[in-house]
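The next part holds the structures, each set out as structure tokens.
Shared between the two complexes below is chain A, which has chain B as its partner in the first and chain C in the second.
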Partner chain A sequence: MIETLTLMKPELIITFIIFLLLFIKIGKGVKSETMLLLIQVLLLLNFITGFIFNSEGNLFDGMYQTTAMMALQKNILSLGIYLISLLFASWFKKSEHMLEFFILMLSALLGMFFLISSGNLLMFFLALELATIPVAAMANFDLDKKVSSEAAMKMILSSAFSSGILLFGISLIYGATGTISFTELPLYLDGSPLQILAFLFLFTAFAFKLSIVPFHLWTADVYEGSPIAVTSFLSVISKGAVTFIFISTLYKVFQPINEVWYNMIMILSIASMVIGNLFALRQQNIKRFIAFSSIAQVGFILVGISSNSAQGISSVVYFILIYIFSNLAAFGVASAISSQTGKENINDYKGLYQTNPFLSLVLVLALFSLAGIPPTAGFFGKLFLLTAGASKGSYLFITIAALNMIISLYYYLRIVRAVFMEKNEQPIEKIEIDLSAKFALTICAAGIVLIGLLSWTYDYIQSLS
Partner chain B sequence: MQPGLYHILFISTVLFFIGVFGFFTRRNLVTMLMSIELILNSVNLNFITFNKYVWPNKLDGLFFTIFVIAIAAAEAAVAIAIIINLYRTHQSIDVENAEEMKF
Partner chain C sequence: MPNVTYIALIPLLPLAAFLILGIFGRKYFKNTSGIIATALLLISTLLAVYTAYGYFFEYGKVDGIYQKLIPLKYTWLQFSEGVSIDMGIIIDPISVMMLVVVTFISLMVHIYSLGYMKGDDRFPTYYAFLGLFTFSMLGLIISSNIFQIYIFWELVGVSSFLLIGYYYDKPSAVAACKKAFIVTRFADVGFLIGILILSFYSNTLDFNKLIERLTTPESNELKNAVAASFLGISALTWGLVLVFIGGAGKSAMFPLHIWLPDAMEGPTPVSALIHAATMVVAGVFLVARLFPVFSISSPNALSLVGYVGAISALIAAVIACTQTDIKRVLAYSTMSQIGYMMFALGVSKYGGEDGLGYTASMFHLFTHAIFKALLFLGAGAVIHYIHSNEMKDMGGLRKYLPITHITFLIACLAISGVPPFAGFFSKEEILLAAYQNNKTIYWVALITSGLTSFYMFRLYFSIFWGRTRPSSFKRDCDEVKGEGGFVMMLPLVLLAFGAATAGFIPFGHFISSDRITLENKFHLMFSISPVALGLTGIIIAMWMYKKENNKPEKFAAMSSGLYKAAYHKFYIDEIYIFITQKIIFNLIARPTAWFDKNIVDGMINATGEGTKEISEKIKTFQSGKIQQYAICFLVGLISLALLFIYVWK
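Presenting the complex of A and B:
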């Protein structure tokens, strides 16, 4: 009993918070400012408790497993949720359904925790559904906006379709091997055609969730139409969680057929980087722009995954950590501007530095980090990803990835140029950002700079993988 | 003649691809949802068949089927709520009319 409590600590805490919020929702109405403060404190506590009383082990006959690495991955996601609750405070206060939003978001987070810890295809499927269905409801949160309901429709249909494909793959795997446990599966995988077909279905479902080209078509529309808090949740937390489980299933469960998936990942990675970059070049809406740039980023993550080594895991986890800081900073700035002025077009950002120096500096830092310019952390993240990928020995692949980094520089620096160098008759007026958003943006900026410079962060991640 | 493993697998595969075909060609959102249900039911059939003919002494397939049915219900509930809201904003449940965002 005690073992269950300690091993499942992160999930139990999240469940407790969800129930607490539900009871508060049933009871008398509390002022939304105090409520938001309470939620922020709870999420901070959740993040802090992630560091203490961690233990390793299996539960429920191996259906649930946890290691120090998984605890770290859960902590990274908790940190992201905490930052989201700070960054979009002004939007939450305005929304009359703030509690429901947090209940849905925490349910999705609970699903992601179980997803990371899953040791069985059944558990994996249930957790994946718990992590995606609430997000579709969240995408619909601007109830009277046309784009929001369209985004939610695209999200739920594509995720339901991809889970259908995933299930078909799982059923074929069950037929071919007779087991759904992650520890037993590698013993039965021998690369027979039926198993390869089943793996293909599974891989397709992962590609849908990670928005890898050619399964990326829903991404841009959903990112553009959803409220900006949901967009940042989708692009950072969801993507991070699915990447973590993707890498652990590939490395642990599908290790016997690694020649098969190495080639698949190489081709899809090149496709994601090229197409993500080329489409990002022509975007004018900032949310849509970040959507396509995140497709290109997934291509880079795949370079790291292709290495099939411990360095692959550590570099991907490190990159996700940096990606959370940089992407949330970019979204935080975009949300501060769009919630006050309604402007989401890149041309509106011209001359932003004259009126809003703090926001412009954070935005530029985030974009430098996403583009991978030293000394920001993004440079080291991409460096480690490419080094890990190069250890496999396909230098053509790494060269294409490096060339894509140069293409991506063009569109990231286009915004930097608009913010700093271009003149504008009517720049965006001075924007009042509230204290918590300012605090979160400072954390993000500090994270972007410091994680790259403090080498123990990477050493710590590497010691766990 | 007793139906064997291959007969039922044939049916479930056909059902799967009817679902995929319907999902890609239908323009009505509720019909698209029905196509997804077809896919999920073909999966259920697959699990049951493998459990009966290939791995008769295991129970994983049967359990999986129960969970798939429950998840399908949850997914349909959220999807229909979203479709109702889409109808409120667009006055239509045709995907061709939901086209504010493109490329």
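Presenting the complex of A and C:
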């Protein structure tokens, strides 16, 4: 019993918070400012407790497993959720249904925790659904906007489609090997065509969640239609969680057929980088822009995953950590601007520096980090991904990746140029930022600078992998 | 060795200036920021000179060899066993020499800018950027680790970007800074891949270990690096060539030079500091830093360096003869002179007398920094006075700007290689080294040296002699009153003194390829031909430009094809535009778009006909495209399945 408690500590804490929020919801209304503060404190506590009393082991006949690395991954997600609760504070306060929103978001997070810890395809499937369905409801949260409902509808339909294929894949795997346990599966995998087909079905489900080309089409509409808090949740937290489980299933479960998936990853990675970049070049809407550029970023993550080594794991986890800071900072700034002025076009950002120096600096730092310009952390993240990928020896692949870094540099700099250098007769007026959002943006900016410079962060991740 | 950790202060003081002025400058030091930055840099300069004195005369030499000392090292990131990124300081002859050059030139520019940038709205920002640049450049010089040098390399790029785009309300400046950043970044990718290759084979990022492992013929690392090959060229050569591409980007070598002329959009003192004396020689410095590896283990890569340098030197000199914007003439001249330094390294060998090219290259780097900074600052004084960069607006200025005139003349004589000015000595050594090792390069260099004195004196006579100024300018100029005061003239005079005397330094005593003292030999007979050629160039320039006449036009008409090609910089920019816009956009982007529009969409539409019926009915609550997404998903899945089950097993 005690063992169950300690091993499942992260999930239990999240469940506890969900129930707490439910009870508060039933009771008499509390002022939304107080409520939000309470939630922020709870999430901070959740993040802090993620560091202590971690143990390793299995539960329920291996259905649930946890290691120090998984605890770290979960905690990275907790940090992301905490930052989201701070960043979009003004949006939350305006919403009548803030509590429901957090209940949904935490349910999705719970799903992700189980996803990371799953030791069995059944568990994996359930957790993936739990991590997806609440997000579709969240996407619908701008209740008076039609695009928001459209985004939710599109998300739920395409997710259902991908889940169907995933389930088909799982049943094929069971048919071909007679097991769905992660520990037993590798023993039965020999690369027969049926197994490859089944694996592909699974693989596409991952690719769908990570918006890898050509399974990415839902991304742009959903990202653009959803409220910005949900967009950032989808592009940062969901992606992080799925990446974590993706890499561990590939490395542990599907290790016997690593030659097959190496080639798949290479093809899809190149496609994602190239197409993500080409589309991002054309975007004028900042949310759509970040969405497409995040497709290209996933292409880079795949480069790291392709290495099939301990360095692959550590570089990917490190990159996700940096990606959370950089992308949340960019979204935070975009949200602050769009919620007060309604402007989302890149041309509106011209001359932003004159009126909003703090927001501009954070945005530029975030974009530099996303583009991978030293000495921001994003540079080290990308560098480690590339080095990890290079250890496999496919230099053509690495060269294409490096060239894509340059293309992406162009469009990230386009925004930097608009913010700092271009003149605008009517720049966006001075924006009042919520104190907690300012705090979160500062944390993000500090993270972007420091994670690269403090080498122990990478050393620590490496020691776990 | 005494405790020399104070060397860390040399780069840290400009960093402090950057931080202080960057954060508090606009609020608290609106007017005093220039003084603060200059004072901090003065301390740095004194420390650098003190370091140089101590190193060269007291503790640097052990048994006749200058040592590579590492007074500070901090392991920053243990990448894997053996490979670590360190932050360290390396002290050897070239880094000490560069410390003095960079701090001194930067100090001159700081002082000069006190006058030149006076009254500018963003005065503190300007000095903050200068501080950032100086810090990054000094950090680059003392890097003990190839990765550390890369980080500072990028920082230098960023600060150069900021300074070129300093006049951010000028669209041309914004375009120029973007161009510079993207071109050099492109080259930097080569550098990064080069670093990865070199470190992969040598299993270290530390310069000393890397050089040692890749130059010892018995070492396994060298054997592996030479044995592995790609497209018939060894991995070692690939690594070095890629590193050189990075250097060529920063040093504006052909064909990556296109950013340098445009970079002249920055304030003139910045051009003097960054785009003439310091940053652009970073590529030369990088090759010099890895010189033993180039020279001992991969002579092919080194001869590439030589030829690229020679081609750049010649092309830039021809283009410089036709430009009419004085800063652009100087920019091309810089590219040409850096070409000299590059091919001097390219023709050099390792050790002893054969290493003359190495010494000569570093010597020229040293003297060039002085006289080119002087030329730019002089040009700055002219521009400050006349408010124009164009030669046609100038003429007869010697009466109005006497000090500028004399110092500019000294610099012109120095760059033309007229004895006894500084350029003469360093250029002689370069030519001698080229003569001994590679006759082709020698002839190219000789022609270039004639062209150099022609275009420099074309510039000189057009600015200071020739017709008197049109009266319309007189009104404008008289408002400025003279030459900009003491702060602008002091650097000119100091630099002119350097340009006149620096050649007498026995450079071989301090810097040589194997760090053993090399005696300077002077060949009187040998220097006759270049000097004669140089004087001829000067005389032709005098004949054509000293008095107002139509000889230049006639000459241009006579050689119209070449003149036009050179005037348009041999259409290299157009070629780049052609490649990016016509080839990449038309041949890649258009077909992709067409494919996307017609094939992909068409296919989806065709397969979607069936689903369309159903979708019509539920169209009220969705946009009607989601089924296309699903089809795309399925098509992707099926093609992957076909590919991996049937084709790519």
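Everything that follows uses one rule, which is that the second predicted complex is superposed on the first by the 465 of 465 C-alpha atoms of A that agree within 3 Å, B and C clash if a C-alpha of one lies under 4 Å from a C-alpha of the other, contacts with A are read in each partner's own complex, and residues count from 1 in each chain.
Operating definition for what follows: contacts are C-beta pairs under 8 Å (C-beta built on N, C-alpha and C of every residue); 3 or more make two chains touch, one makes a residue touch a chain.
Fair warning: this is a prediction, and the values are worked out from it, not measured in the lab.
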| item | value |
| --- | --- |
| Partner chain(s) touched by A:143 [first = chain B, second = chain C, both, neither] | first |
| Contacts of A:221 with chain B and chain C, given as first, second, both or neither | both |
| Partner with the higher number of touched chain A residues, chain C or chain B | C |
| Touching partner for A:126 - first (chain B), second (chain C), both, neither | first |
| Chain B versus chain C as contact partner of A:348, first or second or both or neither | neither |
| Which superposed partner A:153 touches (first chain B, second chain C, both, neither) | both |
| First, second, both or neither for A:171, with chain B first and chain C second | first |
| Partner chain(s) touched by A:161 [first = chain B, second = chain C, both, neither] | both |
| Footprint overlap on chain A, where chain B in one structure and chain C in the other make contact | 149-150, 153, 157, 161, 165, 221 |
| Chain B residues within the chain A interface of the complex | 16, 19, 23, 29, 32-33, 36, 39-40, 42-43, 46-47, 49-50, 54-55, 58, 60-61, 63-64, 67-68, 71, 74-75, 78-79, 81-83, 85-86, 88-90, 95, 98-103 |
| Sites on chain A touched by chain B in the complex | 121-122, 125-126, 129, 133, 136-137, 140, 143-147, 149-153, 156-157, 160-161, 163-165, 167-168, 170-172, 174-175, 178-180, 220-221, 224-225 |
| Of all residues in chain C, those that touch chain A in their complex | 76-80, 85, 150-151, 154-155, 158, 165, 168-169, 174, 178, 181-182, 185-186, 189, 192-193, 196, 200, 230, 589, 592, 621-623, 625-626, 628-630, 632-633, 635-637, 640-641, 644-645, 648 |
| Interfacial residue positions of chain A with respect to chain C in the complex | 149-150, 153-154, 157-158, 161-162, 165, 193, 196-197, 200-201, 203-204, 208, 214-215, 217-218, 221, 260, 263-264, 267, 278, 311, 373-375, 383, 386-387, 390, 395, 398-399, 402-403, 405-406, 409-410, 413, 417, 420-423, 455, 458-459 |
